[in-house]
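These are the structures, in structure tokens.
In the two assemblies presented below, chain A is common to both, partnered first by chain B and then by chain C.
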Partner chain A sequence: MRTPSGLAGAAIVALMLVLAVVGPPIWGDRAELIDPVAALQGVSAAHPLGTDNLGRDILARVLVAARLSLLLAALATAIGAAIGVVLGTLPSVLPRRLGRLVSSTVSALVAFPGLLLAMFTAVVAGLGARGAVLGIGVALAPAFARLTQTLAASIAGSDFVAAARMLGVSKATIVRRHVLPNIAEPLILNLTVMIGASLVGLAGMSFLGLGVQAPGYDWGRLLFDGFARIYVNPMVALGPAFMVVLAGLGFNLMGEALAKSATRSTVPKGAAPAAPAPEAGEADPEAVLEVRNLTVTFPGGVTPVREVSLTVGPGEIVGLVGESGSGKSLTAYAVGGLVPYPGVVGGGPVLLDGQDVHALPATERRKLLGTSLAMVFQDPMASLNPALKVGGQLAEVATVHQGATRAEAWQRAVDRLGHVRISEPARRARQHPHQLSGGMRQRAVIAMGLMGVPRLIIADEPTTGLDVTVQREILRLLREVTEESAAATLFISHDMAVVGSLCDRVVVMYAGRVVEELPADRLVSGAAHPYTRALVASVPDMSADRSLPLASIPGRQPGPAEVGEGCAFAERCALSTDRCTATRPPLEEHGKAHRVACWEAS
Partner chain B sequence: MFVLRRLLRFAAGLAALMAATFAMIHLIPGDPVRAALGPQAPPDLIAARRAALGLDDSLVRQFLDYVGGVLAGDFGTSFLSGEPVGQIVMDRLPNTLSLAVLATLVSLLVGVPLGLWAAIRTENGRNRGTEVGFTTGTGAAVAVPEFLYSIALVVVFAVVLGWLPPAGKAGALSYLLPVAALSIGPAALIARLVRAETARELGKDYVRLARAKRLPAARVHLGHVLPNALTATLTTGGLLLGGLIAGSVLVESVFAWPGLGMRMTEAITQKDFPVAQGVILVYGAIVLVVNTAVDLALAVLDPKSTIKES
Partner chain C sequence: MIIKGLTVRFGAFTAVDDVTLEVPEGRIVGLVGESGSGKSTLARAVSGLVPYTGEIVDGDGVQMVFQDPYASLNPRMTVGASVAEGLRRPTPADVERLLGLVSLPPQLASRYPRELSGGMRQRVAIARALGASPRLLVADEITSALDVSVQGAVLNLVRGLRAELGLSMLFISHNLAVVRYVADEIAVMREGRVVEHGPTRQVVETPAHPYTRDLLAAVPRLPAP
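Entry: the complex of A and B
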């Protein structure tokens, strides 16, 4: 509501209401004063908007007409709302079949132009204000019925309605006691927009000569009278037109702001602070992917990823694990240069095959990442474009980055689909994603990454949405693809069992930092950080005592803005000491290929 | 299966429409013939007109005659001029349809690029200024009715500047103002819709994947996002055509455009009920045809939408 347009709308509406109240008493006499000498005058000091055929002052008439115009609009809205609420709630009260008939009639009427309904009603009800008000009311009813129905349906699905139904409360009572009170607020908010619509609609009816008849006058009627003289005195018509626009706009803006105010959330503001850039360490010449002190910052100083360093060798799969909010996905996206606005990536270089990705010129970076980065997301249905053929989505990589012709690219796409063991690849390539099974879609996404020469594969929970058997096949495929292309794979997951069996190495993240890094085969027996151990312990295995509740970690991970001086895990840690809460432990060597950030690591 | 069901619904809609227009004449309080001819009309003329219209037969008989007549192309005769209503429709309809079709095209051609541009520019909450400007501007544009645009355009371009003809249908230039007046609101509406749809699509994984593939921005937006955002747009675009055909009634009045709408307004004010009845029936039938065609076109373009419905 506090948006500029909402406030402007409210101000206009307030002005109109004041005008409707004080207009007739103040200017009423002047508006009716017949002065044959001054008939049909144009703009003058005495008559700023001119005079009509009886010499009456148009400005006064426009100001006085506010009352009738608003009154008729309110009446039409009331009629529309009354019919709409009845039609909208009937389907939930009537027997099933009858209710469905009502709701499909409403759907048909919603798709029918309101003006036609209004005209039809006006013919039946007769020319004049009564017919126009009824007509506009009828025209507004279907949309209001649809809104009521949608809102009522959401309430009808809630627990307390289900409970009432189970207690044998009648349908009518449920609607009256539970549904209507709960949807009243959004309905009432929508009335504001409806008043604007009926104001404009009534002006239209009167303008056609189907609404208010002389000697009565609303804005539409004044427009009707003035339009005949528009070539001589345009102001005569523009005055009432301006009022219709202003009032319609005011109600519309205010109504929209009201309707939005319930759901609106504010976006945090503020400039991104410069991320600290600690010195880079020694580069590993063997590594495919080398990341030093990577940081991701959002405006307002929120830093969900802090000084993360990673090294992945050729053909190696490194698991990135941690609870949601630990920064594991964002780390991977930062490596791939895909951090969403307004995030800012800072820190040391991201080296892919020894090349600093972020230091490359933009066009070269596009080409390098376009052909050497493969991404696999959690939901394969969402990551394929539903409107395009599967083959085309693969082929475009080759046409855009490798200069292939369409035919060559298509051929390669079919070949790649076959490579990931999709049967009948030529036929599948011509299909749309929704014609493929979930497992097949995920294979197609992996095949997309194989269109180029993948150097870095980022797999973000690629098996979470799949059946267990399909899961296993996708994991096997991921392993094969990594090995044959000697790529570096970052496997993001919170499933410790999958990580333990698939990955070579595991990087554990907590509150944006790496807290432990160790070979995957030592995960179960050799983890040194209490957080890693807790994660491992939360995985049920065959020997777990089913009568005990699943082990879980008490407490909550601090948000990226809440991290203090000490160890972020200290609050939830059974071993924590004063030192842990005061000073953050650095990530240090802890035996061969093992690093841990914990003061108490044994 | 879907096509059959949709066609059945079309037939039901048409039947309901005919019942409604038939009932219209009978719902008018008093004697429509007397209302039309005025209180001074001689009784034997009224009786003759009533007999000619079959108003003294049983209701069922009258309805069957009406439906039979309509299906055979007989929409009745004007009370006042004696012209067959079918002839009036044939003369006037092309003028109305050409306005509505042109206005639909213009609103799509303006609204879709505008909405796409706004969505991309304001993605993830950047460029707040553009967002506020776009929302306020299109919101205001939608709130102003087409006949007021017409009046404003007439005043500016015909009365003050004198560049374009103020009224009537004569040559291509005479189309400019009515089509503009009809298109501004719908174009703004489509722009808002396309922006909302596009913003939703931009957040999806397939866009992230397309960006991960480092496709050029134009290809991501036009090749990947637009086809998905367009389904909803086409639905609205179709409904819009129906709305524009009806909305042109007012615009025709302003521009003295020799279309069906102006004839309908005349008929209603003159109480020439057979003409009003026939024209409303034709308008309604066109809207039904357009809505059905949009649904069928969508079923072909986007098979998922039909699966969802059934």
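Entry: the complex of A and C
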């Protein structure tokens, strides 16, 4: 709504409404004042828009006509909306056959020229304002019915409607209780645009002589009266025409802005700038990836990642686990320089093979990450363009970043597809993503990462949508690829069993911080943090004792703007003490390759 | 409930192919299989949401709980109104009782779904289904959209309801570990057919069908200490 066009629309609409209220009392007398001496005058200081054949001031009449014009438009809209909603919801209530008849009638009417429909109705209903309003209302109804029907159909397919049907709720009640309340908002937004359309439509009707009849007058009528003189005194017709156009435009702009703000997606894309990074201690020479005190902030005190430090060695897979919103994905994206705008990455450095990624100039950073970062997301289609052949998309990596010729690049793409065990790689390379199964697409994405020599592989829930047998294959592939390229792999998952079986080490995150870091084979019996223990115990694995209840973690994780002073887990922790709520436990060594942030860690 | 020779076709494609399966009174039958194997279609057929051929004996009084608790509650209705939907003459006391069954406080009745976590929403959906006093509850992947921290609580609830109310249940999941934990019997589906069905222990420990063995082998396991 805060766009220039939205603001302009709102301003125009507000102006029109004010005019409709104050116009008649202020200028009413002047508009009716008959002055034969001044009849049919052109533009003058006394009459900025001229006068009509009885010498009445046209400017005053235009301003006074705002009320009637808007009123009629609102009425026509109300009629159109009422008919539209009824026609649009009938198919959901009527027996199937009848419903289909109604919807095909609506389709036919939508295709029928609106103005003809309006004129026909107006002629049948009788000349005058009533006929015109009815006509425009009827003409607007089919489009509104279509919109209602489309929206209603999407709600009718929802799970909560299915649940209501199973519970024996009647069709009419479903429409009243479930469908209408959930489609009301977009429909009401659409009404604004419709008012604009009916304003213009009504003006057209009056102009054709089918609308308001003298002595009444709306903008269309004034236009009709002035039109005969347009070559002599253009202003007498342009004045009312201007108002019609302005009001119609205002309602349209506002309606569209409203609709847009109602459906706007929340996160704009684009890479975020990196804040200057304070220097930290010396680097681990062995590590491929080393991250120190990484922080991600969003405007408004939202800090989803807080002072995260990580080290990943060559050929090592480190799992990032934690519940939704703990900052796993953002941590990985910050490492890969992919945090969406307006997020700001702070702290650091992020060292990839000893090189500070965020300190590099933007072009060099892009080049470095273009060849040495491989990303695998839950949805492989996030990385594949549905319109392009798989082989071509892989080859592009080599032509853009490695300066290979097209033939070489294609050869390499086929080779890489074969490497991730896609059968018949040459044939598959010529196919489009949708011709591949989900597992194959995920392999193709991995193959894309292998076009260069990956140093860092970020896999964010790469197997979440896949079947267990396919999942096993993808996990094996990730393991192989990591080892043969000696890359550092960050593997994000909420599935403890997957992480435990694949990773070397596990980093547990809670409310943006690392709360424990331990070797994967110590998850089951060696976890020291109450949160890690609860996570492991809250999901059954194949060896879970069926006679015991699963652990559950009461309460909820604090949001990224609500994290307080003490231990973020204190509210949900059975071991919490006063000390926990007062001061945050630091992440400290806890035996070999094991770090924990908990005062009560045993 | 007994399903006999149930078949569901979508055009030329047979999603469920001549399935025969019994859900005995008071037992939880777990249904596993890969995506596209027909689990959800079978669930929807049993719940009367898709047309089928074949016979369902004692098939009335089926209620279903859906996978996505964010889509299965009307966002414009209070929790209380949603829960009351299956009741003929709902009173606040009924709503309170149903919320109590799923361990939710009665104050929640006046709240809207958006104020609830995924786990709480799923409990509301279960309470709503229980309101109709179902003879069979169909649970289709009810934990897979939930956060790890609340899955355990919902699974505990499912087992508690079986013990308390003697509820019969068709519990569908692609996660064998979850099914093993809650179900008394396991049926394995593949390409629209049930390829194996038996007591949980038997299916997990001595699987008869090669496909079941394959599935079991693929389940990720936490490394043993």
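Please note the rule applied: the second predicted complex is superposed on the first by the 358 of 602 C-alpha atoms of A that agree within 3 Å, B and C clash if a C-alpha of one lies under 4 Å from a C-alpha of the other, contacts with A are read in each partner's own complex, and residues count from 1 in each chain.
Operating definition for what follows: a contact is a pair of C-beta atoms (placed from the backbone, for glycine too) under 8 Å apart; a residue touches a chain by one contact, two chains touch by 3 or more.
These figures come from a predicted structure and were not determined experimentally.
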*asked:* Quick check for you: in the superposed arrangement, does A:Ala111 touch first (chain B), second (chain C), both or neither?
replied: first
Of the two partners chain B and chain C, more of chain A gets touched by chain B
**Message:** With both complexes overlaid on chain A, does A:Phe377 touch chain B (first), chain C (second), both or neither?
**Reply:** first
Worksheet item: Between chain B (first) and chain C (second), which does A:Ser158 come into contact with in this model arrangement: first, second, both, or neither?
Response: second
Interface with chain B, chain A side, in the complex: residues 3-5, 104, 108, 111-116, 119-120, 122-124, 126-127, 196, 200-201, 203-204, 207-210, 223, 227, 230-231, 234, 237-238, 241, 244-245, 248-249, 252-253, 256, 267, 336, 338, 340-342, 365-367, 369-370, 373, 375, 377-379, 382-388, 396-397, 400-401, 432, 434, 445, 448
The answer for chain B against chain A in the complex is residues 9, 13, 16, 20-21, 24, 27-29, 123-126, 128, 132, 135-136, 139-140, 142-145, 147-148, 151-152, 154-155, 159-160, 166, 204-206, 208-216, 219, 223-224, 227-228, 231, 239, 242-243, 245-247, 249-250, 253-254, 264-265, 268-269, 273, 276, 280, 283-284, 287, 291, 302-304
Contacts from chain A onto chain C in the complex sit at residues 158-160, 162-169, 177-178, 181-182, 323-324, 465, 467-469, 471-472, 475, 494-498, 500-502, 520-526, 534-544, 546, 549-553, 556-557
Note: in the complex, chain C contacts chain A through residues 34-35, 47-49, 62-64, 66, 68, 71-77, 82, 85-86, 117, 125, 128-129, 131-132, 147-153, 155-156, 159, 174, 176-178, 180-181, 204, 214-225
